[in-house]
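Here you go, one structure.
Which chain is which? They are A, B, C and D, in the order written, and residues in each are numbered from 1.
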């Protein structure tokens, strides 16, 4: 697998070929040099540099005071990260396998994601949680999951899924500088993927998708390593006379809906490719040719539930709001 | 709010008016009488009968050996439930607020949901996890979430969302008798909702949706208390000359796709109503009028990731499978 | 250690303020003026006050669902607290948090928490941050004995001990986890738990504000000097129900027990001590109470008259 | 306690079987015949054998990522284990589990677990179930000292103690959490932790199978009689890397330390004891080894020749 050339050429440094793992490490090193409040905590992150050796060398430069080996306490280190972030630091918490986010959901979802909102905007939690996703490493059911959908489902979190070394560096820098909790998912099968990475500082904004390849017949919307799969597929489709446009979502929260929709309007066909489980969108897929209008989904408003009645009452669907939506769909409004 | 009359008349006992909470309690009591391996564990479940008083009276009949007050250890009791279920018991674990599933995700997702599969079908985990969902109780961000989507996203779990007392009793009985881990979500705002409930034994199968009300103009697909909202909306729409068909999903896993799709094909329009967060289906909603084919979603196969290479390799999308899907959408296959 | 008289009077004032505040909260509930529920701190005032008076303003605390006492003791003002409880715009969290999530950055209160034990990580992280920034701040983590059931607590105590973080864990053992006596949920010996993790551990009478204060002072200063974390167990009792709606308690705790504990009312104990030591007479104490009553009344008035947030605020503050 | 000679010989046989099995696993990895990784139990054999020999066949165990030793000691057969490690159809889990998830219901093995500490709840629940069914079964929960970092362990120990569940927690302290020495991750005194929760706690030399066995016997019988849970700490060492691919270890543990521990090889220690007590001579032991080698070879052969599962099985066993 080879990464595509970057199409967002706003970096100034000379470009080198680098692995995905090296790009992550370089982003961390540069951010730690730039900002003394950035630190890393996780299991076997220091001398071992993680089992995937992604962080090798960092402890030598920054010392054990900033690259901190922790006990095997995922919930604990996530909680420590939240508290440190609330009080002036920018922790990067390392969760070895994405499957272990099961252990930190309370700290991430009930605490980190909601604190800014619950405090009425006073407190903030600028932390990054780095973890992995992806199967096919023969690691079985507890070390192969892609659980980013859960977190993308939680207002207050940002979720990043880089697909190549260039983006990995630029997106991780943005994540570290962001004032919100950001969950950064790295496909463990991509760590050795090589691609061009500029030296020096550049960032890629969170919430902006990238068209990796233009095409007019079908849109392939992909995340993380599935972008590489989409690009391979696009090459193969090309030979069959089908022009595929490949969109790299880059962040599932915030999601760049405009870019995705524009492309789909142009091509009229779409495949969404992601290594998480899918399974819903039943009607939009199963009754497509019978539909006269798009399926309207109504759920909780995308905010942590506020306490004040005047606010809370706006967060759930009501008969009135359903009636309005239904009338609109029926062209009676 | 008043529950609709049951449309699945397969119970034999005389029907009484009962609250949702009473129906839950009756299901538990009947199952505990029937099967000595059924027991309840949770915080304040015994003398207190839970803060919502749903379980009042059970400890008096079954004793503290089968209605067990636990420490405030959600992960611990979920884990105990898994172990007890694997070894001959049928635990009903009570998680006081649905917001606390954040604390048990590892035990439920990495253990309970996967054990049957990982063991090649030898072990099983017949446990029920009862918890709540729903906002508007003025309980703020950590006591108002509806997190069933996370669990519906996990192969190996069943997820039940009853919308009325009748179903609550029949579905809970099925959940207890099921050989899989079942997560049973009760909207805390529905506990006082009244409706007819037959005395004695009856079950409602998991995986069968119910058409609560027929209509030809639009389909309202709803879960849990949103079914009540949908029914109210349908009444209101009726007056405006729009006939709404209301589908009560009842279980999001397994999901009765056929009933939903059939209805949508008939009405050509649909609203999906659920108290969880929504936010995706971007193209199906945003580019609907431009699409020539349904959006194809490709993700991980809906199984826990197997170890054996011949099995694992089938669980992730590949360039070849993407090409095939794309060609099909483009009518070139 | 003999505490100075002004200090004891200040304790009296702070404890009484919490008491009156909470009685008012109960009234707001009973008169259906407050949305949702609240968990009253009445009976436990000596702990929040004894501990918080040992802290600097920039020291951190984290609090619980039963958090009004901690919040006031750390220096929050009555009016904005009431406003928060009523979901009003001038509330500490603009009405978004409510009783269980009040936070006040200016006084170092990182927030109440509705997840039992949920703030243990946050407090430990704040202590870690204080050490990394060499700010000489200390963090205090308040929690009920029910949180002893949460594994997170042990995970973070282990790290606090390993890294000698400046934190004090304060376990308010009011005997009950909601409606279940703590002895039915808590095995072995509570004090030995933190000890096993290497924390300096002290058990005291939580109704005696003097004892709480002098012990907290020692443990806080010890932590500040880098000598490591500590664990303070305070025996206490909530005089009211688990929450304002918990009126019929006979099925889970005997009336007699309630009465016995009420004889150990921390405010009355302190009043007795003040009078015995001739630091204040009945009249002086009544004067303090009167003054505080006016503050509370004004605060409630303010909150009742305050506006709700603009409905459009519902979408604000999701992201920083 | 003086153990009978047949018993000691049986220990020798079981420990040697595990050793040879694991050496073969390493070969499978090195020759690229095994998918994924595996964590070898070499050096720790005395624990699994000493404990499992104190159990009934219907007693339960839960195991870890380093689980081959527990599985064999509880009675699993070599051929089906190899088959599982290779992802083959006759494997214990039809190839679906692999090294980290082998389970064998027939011998009471509720499964290895790839979540550190992840089986603590399962084992405790099995003990609870045994008590509820009055089956007089006991559950043993094996885990590495790294699991002391997981809060879940404390949550369930608390309940085991409260309810006097028939469970033995066995902490295999092989000194390292992956690549970090346990002293850098574990504060205070390990044995005091379970003690504080009211568990009977014993620390022993995990290289001495006799000590492990006699202690386990006592603690298991105690649990079986309803006298409550216990915690057994066994000091040990993994002679190989964290997993088969962990070859260069110098950066995290000194060669000298490895050599010192290897001098305390549990199998050699037992062999010495057998010879000193004249229960077996060099030749008899070599005979046992030869026999086991043939068993291992036959097992590998079987597994290598066994078919993969039908690809359609991918969708089977999601639901029971």
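Here are a few things to note about the model shown:
Following the convention adopted for this analysis, a contact is a pair of C-beta atoms (placed from the backbone, for glycine too) under 8 Å apart; a residue touches a chain by one contact, two chains touch by 3 or more.
Note that the structure is a prediction, hence the values are computed from the model and not measured.
The minimal number of chain-to-chain contact steps leading from subunit A to subunit D is 1. For the pair subunit A and subunit C, chains touching both partners: B, D. When you average the Cα atoms of each chain and compare centres, the chain farthest from subunit C turns out to be D.
Averaged Cα coordinates give subunit A a centre that lies 28 Å from the centre of subunit B. Averaged Cα coordinates give subunit B a centre that lies 38 Å from the centre of subunit D.
With centres defined as mean CA coordinates, subunit D is found 46 Å away from subunit C.
Centre to centre, using the average C-alpha position, subunit B and subunit C are separated by 38 Å.
Multi-chain contact residues, meaning those touching two or more other chains, occur in subunit A at positions 70-71, 73, 75-76, 99-100, 103, 106, 110, 117-118, 138-142, 155, 302, 304, 306-307, 309, 315. Touching of two or more other chains is recorded for residues 35-36, 87, 96-98, 101, 113, 115, 118, 148-152, 155, 158-159, 162, 184-186 of subunit C.
Taken together, the touching pairs cover every possible pairing of the chains. Residue ranges on subunit B touching subunit A, taken from their complex, read 99-103, 105-106, 109-110, 114, 117-118, 135-136, 138-142, 144-146, 149-150, 152-155, 217-221, 226, 229-230, 232-233, 236-237, 240-242, 244, 255, 257, 260-261, 264-265, 268-300, 302, 304-307, 309, 312-313, 315-320, 322-323, 325-327, 329-330, 332. Of all residues in subunit B, those touching subunit D in their complex are 37, 39, 65, 70-71, 73, 75-89, 91, 106-107, 110-111, 115-126, 155-156, 158, 179-180, 301-304, 306-311, 314-315. Looking at the complex, you find that subunit C touches subunit B at residues 35-37, 87, 96-98, 100-101, 113-118, 146-151, 177-180, 184-186, 251-252. Those residues of subunit C that touch subunit D in the shared complex are 148-155, 157-159, 161-162, 184-189, 192-193, 195-199. Taken in their complex, subunit C has these residues touching subunit A: 35-36, 60, 62, 87-88, 91-99, 101, 103, 105, 110-111, 113, 115, 118-130, 132-133, 139, 151-152, 155-156, 158-159, 162, 308-309, 311, 313-320.
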